[in-house]
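Order of writing sets the chain letters: A, B, C and D. Residues in each chain are counted from 1.
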Amino acid sequence: MIRVQREDFDTGKELERLSAGDHTIGGVASFVGLVRDLGGPDQVSALSLEHYPGMTEKKLAEIEAEANRRWPLSASLVIHRYGRLEPGDRIVLVATASPHREAALAACHFLIDWLKTDAPFWKSEETPEGERWVEACAEDDAATRRWR
Amino acid sequence: MIRVQREDFDTGKELERLSAGDHTIGGVASFVGLVRDLGGPDQVSALSLEHYPGMTEKKLAEIEAEANRRWPLSASLVIHRYGRLEPGDRIVLVATASPHREAALAACHFLIDWLKTDAPFWKSEETPEGERWVEACAEDDAATRRWR
Amino acid sequence: MSAPVKLLYFAWLRARVGQVEEEVPLPAEVHDVAGLLDWLRGRGPNYAEALRDLSVIRVAVNQNYVGNEHPVHPGDEIAIFPPVTGG
Amino acid sequence: MSAPVKLLYFAWLRARVGQVEEEVPLPAEVHDVAGLLDWLRGRGPNYAEALRDLSVIRVAVNQNYVGNEHPVHPGDEIAIFPPVTGG
């Protein structure tokens, strides 16, 4: 399941719901992305996340379908927030449930790596000098290429 | 942090606590292991988890220390339950927090793989034919060897 | 007359182009993404500056990422943006 | 007389041996894990049966996994169990 929303989410409840009632599930893997404040001269007071409504949902659904093709998942969930977020706030939740631990872990890793390079979101940071758009990072591209 | 306990845990609260107040954390990865009921003629009505008090805590602490040596973690948590558990019940929680997504994901994967082969726990299943001790699986050994 | 194309701009392209979205008739000589970007650059200094370095520009046609040689047709939804940075 | 060793049994070894733990004086001729297992097998059919197949037996001395050649000393805590199956 895919959700793109401004509101926060309750990680515990989402994980609980993902496996509820299905006793063939042996493991639930998850990743929660948080807004970092690295301190120093570039101190970030807040992030703003913009996205491409319509295409965002389409890409996330494609990424989720690909994970389900590659691994035997019982359930999967991607929640991505947009709008203004402060350090410590949750940005994204990826969760996967499977009878098999390795499938859940690998699919979760795949989903967050792939999402980072394929979902049309853009971050800008509020800094003392004003808005600054975050630049894409080569490390993320490398992480996604691993799965190709 | 290591906890070996009979009681259930609240995944959401544990994850929240792991990253609370530390705004250098960019990601929290977690794995929750659940009791499976695979159905069929071998239907499992419950599991019983026995462990080696003293050595369990020692091995889990060693595994956690090794993860912290290998990856730059801001925090880590392993909770493992013992006693009688029914299908759908949580058995284990592994969670890792790091400034870097890859570190959190890799360390979480490492911890659950390693724990599976190194922590002195033994599962027995309640079946219609009585108690049956679960046999160790070669797949788990292979998963752990990957990290050596 | 054929349908216009809908152009969408995201992230820093919005401020540089000075638009969030616009509908423009597709010139007869524009057949692909490369041609469209070339034509856009000729529409004013804001476009020329925003689209100067194509290595930091990505394009989606009808919500699919495409390369420079991808065809564009009247009625297409064409989004122009920098590399994504979500997650 | 020197201190006894403390023997702990886990999982199906408990039922087969018929003990959870016991303290026994270490025989003078036992110097390592292999020697201990050998000596235990001679203590009765329950031990002989439980320790018949060493490929499914693991040993920890003082809460560290050890191999057959590991020395054992009076006062050691020696746990005998099948391969672990937690997580």
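The working rule: a residue touches a chain if its C-beta (ideal position, glycine included) is under 8 Å from a C-beta of that chain, and two chains touch if they have at least 3 such contacts.
This structure is a prediction, so every number in the text was calculated from the model and none was measured.
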Target subunit D, source subunit B, minimum contact steps: 1
Chain located farthest away, centre of subunit B as origin (C-alpha): C
Whole-Å gap between the CA centroids of subunit B and subunit C: 49
Separation of mean Cα positions, subunit B and subunit A [Å, integer]: 23
Subunit C-subunit D separation of Cα centroids, rounded to whole Å: 74
Residues of subunit D touching at least two other chains: 87
Subunit B residues counted as touching two or more neighbouring chains: 33, 101, 112, 116
Chain pairs that touch, as defined at the top of this document: A-B, A-C, B-D
For the subunit B and subunit A complex, residues of the former touching the latter: 10-13, 15-16, 19, 21, 23-39, 87-88, 99, 101-102, 104-105, 108-109, 112, 116, 139, 143
Partner subunit A, residues of subunit C touching it in the complex: 8, 10-12, 60, 63, 65, 79, 81-87
Interfacial residue positions of subunit A with respect to subunit C in the complex: 33, 49-52, 54-55, 58-59, 80, 91-92, 112, 115-124, 133-137, 140
